Structures are given as structure tokens and as C-alpha cells.
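Each structure below is given as C-alpha cells.
Shared chain: chain A. Partners: chain B in the first complex, chain C in the second.
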Partner chain A sequence: MPNSPTDHFEAASTLAVVVSSHEPLLFLSQDLKVLAASASFCRTFGIEPSTVSHKRLSDLGKGEWAMPKLASLLKATASGNARIESYEIDLIRLDQEPRQLVVNACKLDDGDEQRTRLLLAITDVTEGRAEARLKDALIRDRAMLLQEVQHRVANSLQIIASVLMQSARRVQTEEARGHLHNAHHRVMSIASLQRQLSASHDGDVELRAYLIQLCQSLGASMISDPSRLSIEVNVDESVVGADVSVSLGLIVTELVINALKHGFPDEREGMIHVQYGSGENNWKLSVIDDGIGMPAGDNAPKAGLGSGIVEALARNLNGAIQVSDAGPGTNVTISHRNTSGAAPNFLGADSNATIS
Partner chain B sequence: MRPAPPNPKAFTILVVEDEFLIGLELVDVLEGAGYAVLGPAPTVNAALTLMEQTAFDACILDVSLREGDSGPVAEALKAKGVPFVLSSAYERATLDKVPAFRDVPNIGKPNPPHEVLAALAAMTEDRGVGGH
Partner chain C sequence: MHNGKAVVLVVEDSPIIRMGAIDLVVSAGYEALEAQDADEAIRILELRDDVDLVFTDVDMPGTMDGIRLAHYIRDRWPPVRLLVASGAAIIEESSLPLGSKFFSKPYHDHAITDAMARMLAGNP
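What follows is the complex of A and B.
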């Protein structure tokens, strides 16, 4: 290579920049001889720094850089026809694992048409890629594990539901049978939520879809004549966390069962309305029937397990229960107003709702 | 009460279910509605053996059995042209990984008795009386 004084001068500053770079860099002539290699390049790829100068790229190390595809890309870059941007190649060395490289090359324009210089940057992405693959695998494993857990939960709920129905068929008294049927409804209410949850993937539940499914299920198993009794569900766009939705679902289950059992004796016709609406800091759940209404005073039936559950769940949600005469029928409303900011995990409803 | 399936005495249902308690309950529900029950078969082999020995009209097929999925049973049912529904807690996307389960409705798990009966009524409806 001709070493004119200017040539030498230009190279000195450029070489210093290249050699001291923290990135693996090669400074190449047009005929792919190495003018300089960064210390980082030599370290990363196990090449003795004193051996690189004026060596052909294809002769570096034990010849592992003699990659025809790389050479042709560099030649195309030198002639100005191409630019290597994020080109991926594998570096194959004897007795070593292949390394995955990403290379970038550009032609350096110093105004001299006669003398073409190339800068080749090489990044070893082997570890990064392996990490990304591992992460993908972990995410896949986690999703599979979650699905298995959901599958097992659902299967277990089916076993519990089956046992309850078996027992209900075998007990002798109507009262015991009623309790077992109620227990079955509660299990199915949670199972229905489980389905919504496994479809949601982020642990939040669209309340409308859930309560519609829940009431359809309750109606199908408890209403023998749908032309006589029906359940209407009116719920806004609320999306709530799993723990809140399980409580709301159980409250609806209890109140709908109560209304169906006690509100419509003697083939009385009617309708049960399930309503839910929420604002920025409050929500309201109502189950309203147009049945015979609740007897007041001393004739009032003892609060069964059902209403005890409703009270406990409402308290859990910081909700107040109000029972009123719907004339005809009964209106049970649970309302919540968030004054303390200590509301349960509640993800708000409308687009303007805040997350508390 | 719930409308009974058309001439239910004429229909035999194969139940494939490896969970004893769930199988017991299914048998109760089906017999209570007037169906005859074949099974419950807890394994693929038991199901295939029953299929060879006895005629039946429809099948409720649990997907994950102790020795693996019930794909081979689904294939045999399809080959025989017998209608069946899946009874599985798995999501649709997971079920569809097994070709034999594609296009087969899933009544889900847990399933309330009325949904099981509704699925059976729909399957046996167009098979006519005494399908076998």
C-alpha cells in the first residue's frame, strides 16, 4: 500500500478513533484489507491486535471472517451500490459455538474519489437473542401453566357441583334439598365468573357479559316456564377486578334466587330486573322484582342463609343495603359511595372514570 | 318442568369422563331425563371398546383423560358419524390444537345439568327415533 505523507497523516487520526472505539469496529480498504481494528473487536472475537494491520479480512484469526456473503456485501458497499444495515450473519469458529452477529457497514466519504474506505461495525447478539428466546419460552410456559391452573379450577368446581347435585337428589327433606340446590347455584355463579376470567386474560371482568351469563344460567335452571317469569339484565360498561366481580355475582345469585323462590307463588307472572350502574366514585346494584313483595313486621320470614351472605358481601364491598317496596314487589339495592378512597380493587367504568 | 327430549327412551348416550364424581352425576342427569347411558368410560381404550360393542346415538366427551386427550375417540366418533359434544374446561383455542376437536361444540365445564340436556336434545333431535 502506498504510504504518502498525507495518507499516513489521515490514517493516523482515523485509526486512533477506530482503535479506541468501545464497539467492535473494522476500518477497511476497498480491497477489504484491515487498516485498523478496534480493541473491542479483537477482544470480543479473540484476535491478537498486533496481527490485524493490513491483513485481508478473510485472513483474520483462523480465516473465520472469510464469509463470501459478507465480502460481496462489503464490495457492493464500497462501489456505492449498497449499504449494509443490520445484516445478520453467523460467525463459525473451530471448536466454538457459533455467534450470531449483526453487522452494519458504510462507505466513508472523505472527498477523495480514488480512495475508498469502509467502516464495519459488528455486534455480537448471541446472548441477547438467547435471552429473548428464554424470555419467550418463560412467557409461553407461564401462559400454559395459567391455563392448566384455570382448567384444574374449573374441573374442581365441576366436581363440587356434581357432588352437591348428587346429594340434593339423595336427601330426604325438601329443606335440605333447597339448601343443596342453593349451594350448587353459588358454585355455578363462581364457575361462570371463572369462565369470564379465563377469557379476559388480564384479570378484569366485563360485568355486563358476566351478569347476563349468570342470570341466563340461573333462569334456565330455576324458571320452568319462561313465558311466566323472566330475568332482565341491565348493566353499563363497567369493568371490575376479579375479587369485586365475585362478590357482585354472588349477591345477584342470592337475590335472584330469593326473588324466584318467594316472590312469585301460585303461578304468579312477573319479571326480575338486575341493574348495575357506576359513576366516578360510586356504583349501584339493584335486583327488583314485581312479585308479592316482602312481608313486613312479625310475619317476615327469618333471614335465611341467603340474606346473611348478601349482608356479608355488601359489607365487604363497602356497600349499603336498602330494601324497599317496589309496589308491587321488592327492590333490593346495594349502593357504594367512595368517600374515603379505600374502595376495593375497582377499575372504574366509563371512559371518564378514575382508577382508585 | 323442562320439556323432555323427543322419545328419550330410544336414545343411548356414551359418556366419556375420567372423573368418577362428575361421571356419576352425568349418569344421574341423563337417566333422570330418560336416556340410557353407556359408560362412563374413563379412558380412550375403554371408550373405543364400548364403541365397538354397543350401539349408541350420541356422546358427551371429556377432553383431558388421565392418559392424554380423547382425540382418538373424537376421530372414531367422526368416522362412525355419531354426533357428540365436548365437555371441557379448556378454551376453544386450546381444543382446536387437536384437529379431531375442531368444529365440535364444547358445553364447557362446569356445566349446569340443563345445558347438558339441551345439547343432547339438539344432537338427538335430527337422528329420529331409534337411531341405532
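What follows is the complex of A and C.
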């Protein structure tokens, strides 16, 4: 080790600790001469270990460490005016890509008031930053792809809806028109869910917002006089997965269509209540109208596609269907009791919305 | 106006959706014109001075998308009413010219015809 009369010997153990540091580390004197450099520093930054001792920081390597900003920060640290904490600098070397460094420096606190020495820890974050940028880019790409897919789904649903409505305008019989309109309502019900899903980040759906939008859409296309008929949606704060919500939405669609079509003949006024509530192990969905009620016995209407859809979906959700007289009107309730404990979330609080 | 009927120009690249939109416009009692992109729409607007309303898609091939087309029309033919529909869930109405209406796809036919009737009657 080169020496001069003014030099002080550092304790061999101190130098050994610095040299063996796993993180690139420089041990500097107050005038920014290198007292010791860790082997990891020399390896990381391509500096010959035998050349470092007592060299000025600015003379290390080919002079790439002569950064005025770094020197001024180290001087401020030495005089006790500043601490370098996670300071970012770029290391520029001839014929090499710049490296992004994060530096931390502090005064060595060993009780020696006469001599100030500094520890400078240097982390090369170039790869880490590049990885983070790549990850950000991947996340952005994924979000764009998802948006593109949602866009395509919306367009495809528009094509189906357009074809159904064109057919409905062309067919001659009221019955056929009714079937085509119902098919259109089912498509729009799935479109409402798609809209909720595209706003959701985790694939879960807030049932209240979904059913409100769904019933608004049904009401807007089926109710010609909102002062005569309206739909009220009363749903708790349940959040359910996409599969469950599409089934619940289609059940509501069928039951509301049915109530609007058959419950209020001859300009009868009324209201349809759509209710959903869940507990820890159960949930209950009801569509209740105050219309004329369902004819029973021989007058009961033949079960159509709508009731087939409701039965199949309710069965799939392990729900029991109960149809009762709401006096006046009809109450159709699907209730589910879970024995395995995997019920949709229940967060409390009710809310109301009236759709007309 | 043409022969007492309001004239609606439908701009949409998907042929089936365009067909559906034209059917919708005609069944609402308006005269329908069609374009498959913004460039064709501008050519039609340059040829005819009787277009009252433009009903445009957003995502279309060509030099302009529906949002830029809407701004171009508002700038060049200020009286023409604008109705914009897109499969993108939410487009800020603030990104559209003032007074234009946005609908997300799939739209309800009656929502479109209601909006057209209101706009053609001079209501927002």
C-alpha cells in the first residue's frame, strides 16, 4: 500500500470488511481518495483492484467517476451538511452503455473526530430498471389487448343486436316479432354484463350496478309509458363472479320481460320490484310485480323458452324457484342455501333505485 | 332536409351494423345515406348540402376515426348534428364536439332514434 508521512493507517479489519462487502462499496478519505474498494465494486465496474488504493475517486478507471455532482454531494456529506440517500446518477463510460446507479453515502462514525472518512455504497440498478420498464410495458400491452377484446365483443354483440332488430322490423306476425325482441333483450342483458366487466379489474361484478343498468335497459325498450309502469331495483352490496352474474342477469331479464308482457294488460298501472340479498351462506333473488297475477290450473300458460331458461339457470346456481301470489301480482323467488360455505360476498347496506 | 325528410348519414365500417343502422334510420322516417369510413363521409358531405345529422362509429380504417371526423364536421359544417357510437365502453363526451351525443355499443335502437328525434327537433 503506498504511503506518505501524513497518511494514517486504517485498521486492517476495517479495510477487510470493506473489501469483502457483497455490495459495491468505496471507503473514502475526506479529500475523496480511495482508502479501500470492495472486490464487488471492482468486479461490477471493471476496475483492476490493485490500482485503486489512494487513487482519487475522479481518477478511477478511465476517469468515469469524475462526476462533479457526486463529488459535491460527497463533500457536503463529509462536512456533515448532507446525507446521500438513494441518489440516482448515471455512470457514463467510453464505448459502453450508460449504467443507472443508486448511491448512498455516509460519514463513518467511529469516534475519530480528527479524520473524516466516507462510505459510499453503489448499486447498479440498470437491469432492475429495465425489467421494471419491461414489466410496465407488458402490463400496458395486456391492458390494451383486453380493451381490444372488449371492443370486439361489443362490436360482435352490436352485429347480433342489429340483425335481430332488422328481422323484428321485417317479420309479419306479432308473435314472431315478440320472439325476436326477446332474443334482443337477452343479447342486451349479456351486453350490460360485458359493460360491467369491462369496468371491473378483477372479473367480479357489483351486482347492484349491473342489475340497475340491466333493468334501465329493459325498461327503456319495453315500457312505453314510464308513468304507468316502472321497475325498482333493490340490491345489497353483493359482489359476484362473472359466471354467477350472467346467470342472475338472464334470470332477471326473463322474469322482468314476463312480468311486463303478461302482468299489466289493459293499460294497468304497476311496478316491478327486483330484489337481491345475500347472507353468509345464502342468497335470494326476487322479482315481484303488482300485476294481475298468474292464472292457475287449466288457465296457466304453457311454459315457454323464458321459464325454461330460468329453471336451467336456477338449477345451475343450486337455487330453488318459488312462485307465489303477491296479492296482487306475482312473486318469483330463487333462493339458494349453501352448505359448502362458498357464498357470494355480503357487505351489508341496501340501496334503492327506481327505473321507469 | 330532402323532400321534407331529415337526411341522416350513417358512417360505419362493419357492413352488417351499417345495414342495421340504415334500416333503423329509414324505419324512423328519415332519408339515409351511407359511408364506410370518414373519407367517404366527407366526400358525401361535400356533394350534398342537405345532410342534417351524422351517425358515426369511432373505430374505422382510413385517415380519420369517428372522433376526428366529428370535430372535422363540426368545424366545416357547423349545423350538422352529431351522434357517435363505439364499442369502447366509455368515451368522454368532452372529447367530442360540444352538443354531440355518445352511445356505447351495442346500442338500443330506440335510444338512437329518440336521440335523433330530439337533436333534429333542435333540442340537446
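Just so we're on the same page, the second predicted complex is superposed on the first by the 328 of 356 C-alpha atoms of A that agree within 3 Å, B and C clash if a C-alpha of one lies under 4 Å from a C-alpha of the other, contacts with A are read in each partner's own complex, and residues count from 1 in each chain.
Everything that follows uses one rule, which is that a contact is a pair of C-beta atoms (placed from the backbone, for glycine too) under 8 Å apart; a residue touches a chain by one contact, two chains touch by 3 or more.
Fair warning: this is a prediction, and the values are worked out from it, not measured in the lab.
Engineer: Look at where chain B and chain C land on chain A after superposing the complexes, then choose clash or fit.
Structural biologist: Verdict on chain A: clash between chain B and chain C.
Engineer: Quick one: is A:151 in contact with chain B, with chain C, with both, or with neither? Answer first, second, both or neither.
Structural biologist: In the superposition, A:151 contacts both chain B and chain C.
Engineer: Looking at A:322, would you say it contacts chain B, chain C, both, or neither? Reply first, second, both or neither.
Structural biologist: After superposing on A, A:322 lies clear of both chain B and chain C.
Engineer: I'd like to know which partner A:162 touches here: chain B for first, chain C for second, both or neither.
Structural biologist: Both partners, chain B and chain C.
Engineer: Which parts of chain A are touched by chain B and by chain C alike?
Structural biologist: Residues 147, 150-151, 153-155, 157-159, 161-163, 165-166, 169, 187-188, 191, 195, 198-199, 217, 220-221, which sit in both footprints.
Engineer: Show which residues of chain A lie in contact with chain C when the two form their complex.
Structural biologist: Touch list, chain A to chain C: 147, 150-155, 157-163, 165-166, 169, 187-188, 191, 195, 198-199, 217, 220-221.
Engineer: Where on chain A does chain B make contact in their complex?
Structural biologist: Those in contact with chain B are residues 147, 150-151, 153-155, 157-159, 161-163, 165-166, 169, 187-188, 191, 195, 198-199, 217, 220-221, 224.
Engineer: Would you pull the chain B residues touching chain A in the complex into a rising list?
Structural biologist: Chain B residues touching chain A: 1-2, 19, 21-22, 24-26, 28-29, 32, 64, 89-91, 94, 108-115.
Engineer: In the complex formed with chain A, which residues of chain C make contact?
Structural biologist: Interface residues on chain C, with respect to chain A: 14, 16-17, 19-21, 23-24, 27, 59, 86-90, 104-111.
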